[in-house]
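Quick heads-up: structures coming right below.
The following pair of complexes shares a single chain, chain A, combined with chain B in the former and chain C in the latter.
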Partner chain A sequence: MKISRRSTKAILFLQQIFILSAFGLLTIQNGNLDFMAIAMGVALCVFNLLQYNILKAAFRHMDRFVLLAAQFLWSVGIIVIYRINPEYAFKQGIILFGSTIVSVIVMLVIRKSHDFGKWNWLFMLLAIALLGSTLILSKTIGGAKNWIDLKIFSFQPSEFAKILFIMGSAYFLSTREKLFSFFPYILFTGICVILLVAAKELGTGLLLCGTFLILFFAATGRIFLTLIGVGVFGVGAYASYHIFSHVRTRVEVWLDPWSSYNDQGYQIVQGLMALASGGLFGVGLGNGMPNVIPASHTDYIFSVIGEEFGILFAAVVIVFYLVFIVRGMLIALNAENIYDALLVFGCTCMLSLQGFIIIGGVIKLIPLTGITLPFISYGGSSLLSSMIQLGIIEGVAIKNGKKEEKELRMMGADVL
Partner chain B sequence: MLDSIYKIMATGMRFWFLFLAILIVILLIAVSRKEYRERKAVLGEIGQYIGYLEIVGGLPEAQGTRIGIASENTIGSGRGADIVIRHPSVQRVHAMIYMKDRALILSPLTKGVTQINGRRANNAYEVHTGDVITFGDVSAKVFIRPELERIV
Partner chain C sequence: MKNQQRFRTNMRFSLGFFVLLFIVLIVYMGYSVIKNGTTWYATPYNPRIANARKNINGGTIYDRNGIALAWSEGTTRKYHQTQSIRRACSHVVGDIYGKTIGAETTFAKYLYGLDSNISVLLDQILSGEEAGGQGQDITLTIDAQLSDYIYKKMDGRRGSVVVLNYRTGEILASVSILTFDPNTVNTDELEESALVDRATMGRYPPGSIMKIVTASAAVDQGLDLTYTCTGSDTIGGQLVTCTKEHGTQNLEEAFVNSCNTYFANLSVKLGGSTLKKQAEKFSFNRTFDYSDITLYRSNFEISSELGDIAWAGIGQYNDLITPMHAALMAATIANNGVMPEPKLLKEVGGSGLSRWSNGKSVKVLSEKTASIIKNMMGKVVQSGTGTSAGISGAAVYGKTGTAEYMEDGEIKNHSWFVGFMNEEHPYALAVLFEGAGYGSAYAAPVAADIFEYLLG
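Right after this comes the complex of A and B.
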């Protein structure tokens, strides 16, 4: 008896066609031949193919579908970023290459590790230090004080604090039983969220709150306590609405962006108009006007996709996220211990919630908070942190696969 | 000139991109679903096994093969047997092996040779991990999952 692996050649082939036809189209953009575009397309194709095949050969039990979904997402991202500004696309490509190496290292570490034990306290302190450092050292980009400039490059510490938060959560929720022993963890979450809100980084704050509640419920199964948590979150949100003026502005702009069109509502209105002008099928790659939307290559990339490729295509992009989430959940359900399960579940939750918060903000479903769209948006820290989370998910998948193979071998079956 | 060609091409190709994206996502879902189901079926079947028989003698071409045993199986050379061993010395329904009160029992069903560790078995006997059982000329080693076996 054997478990055979299905071929994914067709998916990879279609993905290559997609990338090449998009970059082929971009080659004749702006009325002159831009051979850099096609070079970029070929480079991206080669990168995706090599990455997939090398990883598949190196880690037999890797979950290939998670990787394929992520590959499609970042390919769409690089196409759209190239169309907005080719220079950013090159940078994004280099970051993608670097963060693939980092994610492989993460896979190797996760594959060997159990929970990190006492190290988790250090991780939690580091997370608080990272978030605290933004308040002191940072410069302001886009209204939020969340970037640290290291002269050569600048980075967003909160992106890495997120991952440390998941690791701390998984450790506490898998090792503690009594409610009282959760106290340090709840305190840690509170400090993180307060630091984020103080740094005007509402999106990440919301993300941590949401992930905390989902993880807490998933790990303990206590409905009443989770509802109290939701209540505390509501009170906190209401309080910050009254205390911080920037929160108030966000909500007012969300309720009626048109009245402050020339000012704070400009971004939302431009994003909505872009989506509206795109309609179901879009105006065609390169025919839209992404340059009138502020932050079109980072936070607002979804509205550019909606404008140029159409809202149907944007919905397909969301389906890719769903595939990613479902595969992530399956890996979490298969994990051999609770720590691994919560780690993967946390990463999956965080990526999906992040997607929801920014897409919801762009389409004016919820108040807009500036965070990036995982894998698609331009941004080194964001892509790197998404890739680290991908690495964690794959690392646990490899661990599961090994355990399963051992079991199968024992009973005379095999995995091909 | 090139500009207007580009405009037309871009407008036309949006359907192509949508088509490709939908095709990729459908393939992705279909392939992963198929693989998942297959995996689940195999794992489910293996989960039912309480142990295995490893062929150790009499069948050189199948030496070392592991055959999963469920909680009740008949062994023989006939098609009706749960575990089929094709060998002239094995009877059509040769023996039966089953779990009872956390013990694996081997019970001969015919006059053919059935041995446990080289001694002829005429009645039902309990077998343990590591025992070698012989049907005709074919012998196999027993392995029972440690968590299922009664500690003697």
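Right after this comes the complex of A and C.
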């Protein structure tokens, strides 16, 4: 018996064509030739190709579709970021390179490890410390206090608290049985969310709540308790609507952004106009006006994609986040223990939900909460955090593959 | 973890939840962009339009008879030579500075070729042409000469006149005074409300033209009250007055005489919720999402006070309506109970290929109810409050309105007339003069002139 994997050459080929034609277009954009653009395009192609092939050779059991989905997303990101500001794209490229190394380290660690036992308590404390530190040390960017400036570079602690949160969740939900023993975990989640809301980081708060509820439901299967959780979330949201004026503003602007066009509604309205001017097929790369949209290279990058590539392409981007959740779920289902399964499940939920929250905000389906679009938005903390999550997912996939291979070999199969 | 199988099931369930979430995301995005795209795009705030105007030779805007209302010569935008035509059509045509929402903004997509398809773009790229092409010409449903005629008849009085074809929804004229001159709008010192298109953005109390809605509710309910008017009546502690003692009347007589006390009592009998439902059938409290015009929403509220319901039923209290919506109300009666969608764009490009479609019409009333109200509106012009709107040579239907409002501590009256002509001349109109006085004295005679003109 011979078992081989489906070829992904075609997907890679399409990806390369896409990147090169996009950067080709950017090269001839303004009448004069911008050779930096084509150089950037070639560099990105080579990087993707090498990364894919080296990783495939090093880890035969890596899930290739997850990696390809991530590659597509960050390629779109770098194209759009380059179009907005080439300098940012170079920085993003360097961060991508660095965080690939980090994600490989994560894969190696996850591949070998079991749950971190008592260490998880430390992780949870660290997560709270990270979130708390933003309130004390941070500077305000975009109305939210979520950045710490370390002089050399600034970073967004909540991006890393998210990962610690997933690890803590996986530990608690896989080792505890009795409802009572979940108490520290629930308290931990509550503190995290309150700290986030106080720091005006509503998007991440919402993301944590959503991930918590889904993980709790999947692990415990307690529908009634999950519904109570949804109820508590509703009450909390209602209360924060009344307590925090910044929450109230968000909701009002969501209901009618046009009436406050000149101040709070400006970003949403600009985003909607961008989507509308793009229509189905987009105005074409380089023909839109991303410079009028605040945060067009970070939180609002989706509206630039919509304007220049059209909403059909934007829908394709959304589908790629679905690839994550579907593949992630398959890896989780194959995991050899519940801890690993929850780790993968948590990461995929978080990445997909994060995509949903910001895209939903941009298209005015839900109130806008500032949060980055995973893999696509410009930003070191965000990209690194997404890459670590990718590393976790792949690490578990590799672990599963080894186990399966062992089983298949015992059955006498010839595994390629 | 006791039950691994259970965990797997739950995960699959969560997967289903996520798939659903993302499907909602994609569907909502597609739906909202396709449905609201034009409205989102065509706002004066959109910097893309201003940007396009710098580079692209804008297309010509024609009226329905081929009169050029706006065109580009090089980078300057020119408008019709005659000052009165420029002013009569100023709100419909709009301006290029993003000060108003007219055709210049709403149809910028066509005028500046921003919707050009991929083959046009490829041509541009292959020929090495810089952005700076030629936009498409458009033809509006507007009749510039009729607009000019109306503008002159309005004689500088503040208000608005809307004329539309009630079969097709085509807007033939939409004149609003104050006006502006598109040639000099950027430098002129304008009066405060000169840039407001009163036809679509001016929300006025409807007064007695609201009785069309109230009467239709009574007809639908089969309620024909007999009531004796003594010139005034106190309802729920609020005094409702009439211009005179109308005596004992039924629904039709009260409608023809526009008797306030009768309709106040009728409203209370019908009840607030029935009235509100009927008003909402006529699209009150609704956001209009028309593709060609931006129309502000009309308002109809009720309260638990009987007096408020009585006033709401005769077009006061918090009732508000735009002249365009008032014309649509008359069109609904004329068009067998179906409200047409107002259309402004007749044709795009010189190809003769019409982009014009009938739009979404809304069934408001049954044909039977519509014909009963139509009959009443005929009698209003024959023998009621609207006789001054009558003309010889064609049957005319209508309803007058005199809407009270407070200004500077003084009670003033908006003068309203809504009406329409017979089948052969399928035109409905609304005439409004701000603070002029009785509907029968000011709005109705102008309506007569317009009917006369439309008769040819």
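Here is the rule we use: the second predicted complex is superposed on the first by the 416 of 416 C-alpha atoms of A that agree within 3 Å, B and C clash if a C-alpha of one lies under 4 Å from a C-alpha of the other, contacts with A are read in each partner's own complex, and residues count from 1 in each chain.
Following the convention adopted for this analysis, a contact is a pair of C-beta atoms (placed from the backbone, for glycine too) under 8 Å apart; a residue touches a chain by one contact, two chains touch by 3 or more.
Quick caveat: nothing in here was measured; it's all calculated off a predicted structure.
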item: Chain B versus chain C as contact partner of A:Gly395, first or second or both or neither; value: neither
item: Partner chain in contact with A:Ser352 - chain B first, chain C second, else both or neither; value: second
item: Which of chain B and chain C A:Pro367 touches, first, second, both or neither; value: neither
item: Which superposed partner A:Leu68 touches (first chain B, second chain C, both, neither); value: first
item: Which superposed partner A:Gly279 touches (first chain B, second chain C, both, neither); value: second
item: Partner chain in contact with A:Gly221 - chain B first, chain C second, else both or neither; value: second
item: Which superposed partner A:Ile17 touches (first chain B, second chain C, both, neither); value: first
item: Partner chain(s) touched by A:Gly379 [first = chain B, second = chain C, both, neither]; value: neither
item: Touching both chain C and chain B, counted on chain A across the two superposed complexes; value: 31, 281, 283-284, 319
item: Footprint of chain A on chain B - complex, ascending; value: 1-3, 5-7, 9-18, 20-25, 27-29, 31-32, 34-36, 38-39, 42-43, 45-46, 49, 52, 54, 65-68
item: Residue ranges of chain A in contact with chain B within the complex; value: 1-8, 10-11, 14-15, 17-18, 21-22, 25, 28-33, 65, 68-69, 72, 281-287, 308-310, 312-313, 316-317, 319-320, 323, 327, 330, 404, 407-408, 410-413
item: Contact set on chain C toward chain A in their complex; value: 1-4, 6-15, 17-19, 21-22, 24-26, 28-30, 32-33, 36-41, 43, 45-48, 51, 114-115, 118, 121, 130
item: Partner chain C, residues of chain A touching it in the complex; value: 31, 174, 177, 214, 217-219, 221, 258, 261, 269, 272-273, 275-279, 281, 283-284, 289, 292, 306, 311, 314-315, 318-319, 321-322, 325-326, 329, 332-333, 338, 341, 345, 349, 352-353, 356, 359-360, 363-365
